[in-house]
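These are the structures in question, set out in turn.
Note that subunit A is present in both complexes that follow, paired respectively with subunit B and with subunit C.
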Partner chain A sequence: MAEDNAGRIAERDGFIVTKGKNKKQLQCDTDSSAGCVSQRACVYCGARVVLNPITDAIHLVHGPIGCASYTWDIRGSLSSGAELYRNSFSTDLKEQDIIFGGAKRLNAAIDGLVEKYQAKLVFVYSTCIVGVIGDDLEAICTAASQKHNIEVIPVESSGFIGNKSAGYRAAGDALLRLIKPSEPIVKSNSINYLGDFNLAGEAWIIHNYLRQIGVELNVTFTGDSHYTALKSAPKAKLNIIQCAGSMLYLAGKMEELYQIPYIQISFLGIEDTAASLRKIAATLGEESMIAKAEDLIAKETARVEAIIKGYRDKLQGKKAAIYVGGGFKAISLVKQFREIGIDVVMIGTQTGRKEEYETINNLVDDGTVILDDANPAELERFMMEKGAHLLVGGVKERPLAYKLGIAFIDHNHDRKHPLSGFEGAVNFAEEVYSTVCSPVWKSLSKSGIDRGVTDHG
Partner chain B sequence: MLDCTPKEITERKSGGMINPAKTCQPIGAMYAALGIHKCLPHSHGSQGCCSYHRMHLTRHFRDPVMASTSCFTEGSSVFGGGANLKASIQNVFHIYKPDVMAIHTTCLTETIGDDVSSIIKTADVAEGKLVIHANTPSYVGSHITGFSNMTKAMVSYIAESTLPVKKEQVNIIPGFVNPGDMREIKRLVKSMDIEYIMFPDTSGVVDSPMTGEFEMYPEGGTTVEQIKDTGNSQLTLALGRFASSDPADLLNKQCEVPAAVLKTPIGIKATDALLMTLRNSFAREIPKELEIERGQLVDIMTDTHFHFHGKTVAIFGDPDIVTGITEFVLSLGMVPVHVLTGTPGGSSNSAAGSFEDDINEMLTTAGITANVKSAGDLFTLHQWIKNQPVDLLIGNTYGKYIARAEDIPFMRVGFPILDRSVHSYLPIVGYQGAMRLIEMISNTLLDRADRDAKDEDFELVM
Partner chain C sequence: MAEKNHVHYRDVNENPCNMCMPMGGILALKGIEQSMVIVHGSQGCSTYMRRHIAEHFNEPVDVGSSSLNEKGTIYGGEKNLRQALDNIVKVYHPALIGIVTTCLAETIGEDIERITGQYLIDKQMEDFPIVTAATPGYGGSHFEGYFLTVKRVLMQLTAATKKNNKVNVIIPNMSPADIREIKRILELMKIEYVLCPDFSDTLDRPFSRPYTKMSDGGTKLVDIKEMGGGLATIQMGITLDDSISPGQYLKDEFGVPLYNLAIPIGVESTDAFINTLVEITGKTIPESLTKERGRLLDAMIDSHKYNFQGRCVIFGEPEMVYAVTKTCVENGVFPAVVATGSQGGKLNELVGLAVTDFLEKSNLFIETDFAHILAASQEAKVNIGIGPSDGKYLTEKGGIPLVRLGFPIHDRVGGQRILSVGYTGTMMFLDRVTNTLLENKYISYRSSMYEKYYQQG
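Presenting the complex of A and B:
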């Protein structure tokens, strides 16, 4: 295997480009190399993160205990009602189930749970091992569904059948089964909001904007949603999509099956939030909405720009590195960093698509490193080379950034503050400021206590 | 909020888990492997497992946790993972340059039946580099079993008896504890002036200092030379039966190093037992400084005993930790009424005994009747508490749901702790760890007393 001094392997070269330096097309959407320290997750993870915010469902993981343990209350998706989704249910497969099949245990688990919790909806997730031992999830769920007269929906999410994106698709299929109407659809004037999981209450912020401009919201996929609301999804006249990675498939299917057109929007940053509100109003085409949207944008922009300017003065000229899950978020982040005076010098995703990487390439400055499915060694190398002051990423990237003496903000499951909309833009600026300009960096000194004294001044 | 648990206890026929008090073997194996110097743990399976384990360990330790994966696809699951594993071995040594690669299996690779040891034998491993492996099916045992299995692999692959006479040196298997605990145990052994080898040893690996540079392999961890030399030691102390006794037994079989299985040294009694064993085995005096520490601990216990007396407590978590905490709170005069671990607990018939027997014996001696269960879940614990409320709940972060639903004071101990920091640096073992536990328990109880006190009962001195 070809290898240079920095420990790179040639196999990875196609996945890394520097804007302006080379004309080659970035490779993406492929399997990772065996033996890599990958930041990627699995199919089950993708399916679970999409479906988990459905608050009144029993999310039952069919497999050994680990898969359920690690995804117990995995993201901070808030609920205005039911709390059932925050429990962790597993069939906890044992050795004899692997040999004789897990059907009996799964049946018993569904029976027991339905009796205890009186839920109307059960999702049964298949894990790696279930895919291998071949339990007939479909048959078991159908039987359980009839027995209890509720919906028991299998989610085909065995980990090895692909990466996180395949899980988004599995979740999409489960949702399509759920929303399939039993009676003819009566269309309403409302819209569905796809790809907001109500992390830190973000969906509520956007609901509020839509209400203010007179848009009637039908159902949010899947943040703070529940069985009854989701059932009404086909009657909407438009779908708007925030997280494209997880929801494009579902949107396409809903267009095909229920004639609901979709548009992609983004509520990350002032620029994208304003553009998205305009786009929604224009698509719905009502004069009053367009006027109200302009009012809201003018009022909110004026309000938050005044606050953000204070942060921009402190942050101007700093450099950011981005490593997030999907491409769409990465694109918004580049623009949002510009709003606070920060240049992006490195940008990568775990599962970005070709067209998203093209947009990224058009958006960033020459010299910016763009990479797909990066490992920690690569992240370190390019952040150091490019002199990044800040990394945006998820839980596994946080301590890596800190160890390098680089500031960090979480734009993934673990974040505590909403980053959507105008409020979110302020939170974002504040979070960037509080980490980049924290006094803790003054305590960091390579030569220890002696130098530390001088560094502190 | 989060109070979905029914109070009425009905028979659980399903055997499934609701709100688990354990997780799966591979994460324990990954953690143990991090305790070898310059070792990259490797997860043989699909990407998700490795990602979850790294994420979970990262959240608990707040330090980078590196591990590679075989990146299974559908093809590897059908045709076997041999090719993936061989490619992984080659890539790992090329790109990440560890001294040791420690492979553990997942439920997927166990089920398709990959013969990892044969694959390793036919793989191309460079001179001076080492590949070890442990079978860690997720459908057997728990993360504690996985820790034990990887520690066993260190023995079976590396330990050797090379000298005619054993050295005056002790092996310490610390069990699944924090790096802060490992440091404290080493300090105790060092202060008795005894040569020791601790393995695995994650101190200096997952609590490494900030230097402004990212070290793929921080300075800590037991070296391969040291693990090899464990076969020449005079004695192995296996701390915590569930995590440590199997590797100690294997070392005895393989290299004739006798093993003493002790409790994880939580609290005064278990710490006394550790030091007395060392004293008797190596003819050393217990140094004055440790006598002073012990005296201070007793002094603190005396000063505060009225805070604890008769207070009821529910304890859950990993079996070795729960056993230690139970023994300690009993010594403070508290009353454990619910004691539960998620890990399957051995059986009464086996030579090693069982978790439930151990706990029940302690409780019987103290004249207490309680709910005790191994292989349990937090749903069961929650139901117990609903039916018999307690003054304090002790366990890992997941206990916060129960604590909130039932409005009971909660003290975090064990693994994982995902919502507090610093815990992994500070010990709960030894006399000093016991002092810290007392501070934690009494502050938790007294903060609640302050919060709940009426104006007329609100006191300055407590």
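Presenting the complex of A and C:
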């Protein structure tokens, strides 16, 4: 295996390109390489993040305790009603269960939980080990479903069957089972909102916009959603998709099965939020909506731009690095950074798709490093090489940025502040300002420690 | 005596009070100089554990994964594990690699001893230390995983050497601040020692330039090798079963006398630690430590009446739970509920011996979960909780204020800086407890007295 002095891994070469320098196509959507310290999680993680915001469901993890431990209520998803989703249930398999099978344990767990919480809906997530010992999740769930006369839906999310994207698909399959109508569908005039998990109330912000322009919202997948609302999903006349990575599969299936067309939108940043509102109104085609959308956009843009200008003046010329979960988010972030005067010099995702990377490539400046499924060594190398002043990422990336003396923006499922819509654009600018312009960085140079990064600012 | 309420067999775990074995293994290995860890399993395990550890310590936590996919699961993961070793060596140049297994690797029957042995021969790296530990997620909690891995480190690195003057100090998972305090006491007493594992620097490293992928610090490999010739071993592992006791291994294998002590929190346990050091080395206790002890006694008197109003629930890893229980007893805070999600080892008999002077009996729960802990705490009219962050569930659901202690602290900053050991640390711990009790009393003082005594007319 080829190797150079910087300890680069040859098999990673195809997953990294520099715009303008390489003609090659970026590789993506494959399993992570062993020993590369990928920042990615697993199939179960993908499924869990998509389904967990369903507030009145029992989310039961079938496996040893770890998977449930590490995912207990770590997301910022909010509920306007039930709080059942904030518990972490596990069959907590032990050695004996691995030898003799976990079916008995799972049956008893479902029985106990259904009795205690009177839920109408149970998701049973399979973990690595369940896929290996071969518990018949399907049969157990079907039997439990009949016994209790509720929906008990298996989620095939064994960690080794693919990467996080496979988990999105597993969640999509589970949702398709849930929304399958038992009676003929009576179509309504409403729309479904896909791919918003109501982190810090983001879905609520978007609901308010849609309400103001006269759009009737049916159900959100899956932020602040519940059993009954989800059941009504097939009656919508349009699906709008925010997080494409997790929801494109589901949207495609809903189009096929229930003739619901879909459009991709984004509510990150002023530009995308305005464009998305216009797109929704235009697609629905009602004159009054289009007019109301323009009113809302004009009013809100004027309000927030005045605030953001102050930040832009301070941030002009700074350089950003992006490493986030999905391609959709990355694309929006490039535009959002432009709104506040910042250029992107490095951009990568955990689960971006080919088309998304093409869009990214068209959007960024020459010299920008684009990378898929990166690791800490690569993030460090390119942030340093490119002189980034800040990184956008998740919990694992934050300490790395700080140790490098670089500012950091949280853009993960754990955050407790909304980044969607016009409100979110202000929060974003404010957060960038609070970290890039923090006096803390001055202390580093005052204490005689060199800034390390070439200051291009 | 404590009332023992084993909850050995449960069909469902509702909100876990423990994590899985490899998590503990990673923490232990992070305390060895220039070490890197590979988690043999699917990608998610290492990512989730990294995330958890990073949040507590606010440090970059690089851990490799063999990223087992479907093929590796069916045909064996040797290829992946070898590739992981290649890549880790290439990028990190570690002095030691630790490999911990997951439930997946153990269930498909991976022989990591054979694979790594063959790898080292093939690469002509026979002298390179690889420490392997079988840590299936269903085999125990992170607590057992931690000590088992420390034992494996000694089994693979410690040799029969000539006698030296060093005291082996084996510590459980405690905060870097605690580790530094233990070292300060040893240094004040001018004692030569080997502390293992020592993650006080590796998981709490100072900001400095340039950034290095591997941080300084950790127990030196040469020191671990010489632990077989140590004067004696002090192991803060009084609750441990002999089967996972590293100190017991040193005693059995090399005849090093073992002093199994509680973590030195509280006067009695800190006295025991210091007196044992005197007994082993014949050194004298410095004046400054005596003064610290006197200040602690003074602080205990200052707060004793307030503390007497405390009825606490203590939860977390068995070793920490025992140390805190003893400290609460010493200060008149009644340990109404004592709980661990782990197997507990000798915790039951030890808590029974510690809680004797109260008018009521304590309730002890092992292998339990937070749903159970909350119910028991409410029944026992507990007014303060002591333990890791997940106890926020007790605050949110039961209004029980929480003093954060142990691992993980993921909803506050500074988990790595919480000091609780030694006379000084105990004083700080006690102040946190007393002030929490006072704060809670004052918050409700006016309304509760009004409700209790005010009668109209």
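Annotations
Heads up, the rule we're going with is that the second predicted complex is superposed on the first by the 444 of 457 C-alpha atoms of A that agree within 3 Å, B and C clash if a C-alpha of one lies under 4 Å from a C-alpha of the other, contacts with A are read in each partner's own complex, and residues count from 1 in each chain.
Throughout what follows, contacts are C-beta pairs under 8 Å (C-beta built on N, C-alpha and C of every residue); 3 or more make two chains touch, one makes a residue touch a chain.
Keep in mind that this is a model prediction, so the values were computed, not measured.
Partners subunit B and subunit C clash in the overlay (superposition on subunit A). By the touch criterion stated above, A:Leu84 is placed in contact with subunit B alone, subunit C being left untouched.
Contacts of A:Arg105 after superposition: both subunit B and subunit C are touched.
By the document's definition of touching, neither partner reaches A:Val186: not subunit B, not subunit C.
Taken together, the two structures place residues 1, 3, 7-9, 31-45, 60, 63-72, 87-95, 97-98, 105, 108-109, 111-113, 127-129, 131-133, 159-163, 376-377, 380, 395-396, 398-400, 402-405, 444 of subunit A in contact with subunit B in one case and with subunit C in the other.
Contact residues on subunit B toward subunit A in their complex (touch as defined above): 1-4, 6, 12-20, 22-24, 26-27, 40, 42, 45-56, 58-59, 62-74, 76-77, 84-85, 87-92, 94-97, 106-108, 111-112, 137-140, 142, 208, 210-216, 342, 398, 401.
Looking at the complex, you find that subunit C touches subunit A at residues 10-16, 18-20, 22-23, 38, 41-52, 54-55, 57-70, 72-73, 80-81, 83-88, 90-93, 102-104, 107-108, 136-139, 141, 205, 207-211, 213, 341, 371, 390, 393, 410. Of all residues in subunit A, those touching subunit B in their complex are 1, 3, 7-9, 31-45, 60, 63-72, 83-84, 86-95, 97-98, 105, 108-109, 111-113, 116-117, 127-129, 131-133, 159-163, 375-377, 380, 395-396, 398-400, 402-405, 414, 444-446. If you check the complex, the residues on subunit A that touch subunit C are 1, 3, 7-9, 31-45, 60, 63-74, 87-95, 97-98, 105, 108-109, 111-113, 127-129, 131-133, 159-163, 376-377, 380, 394-396, 398-400, 402-405, 444, 449-450, 452.
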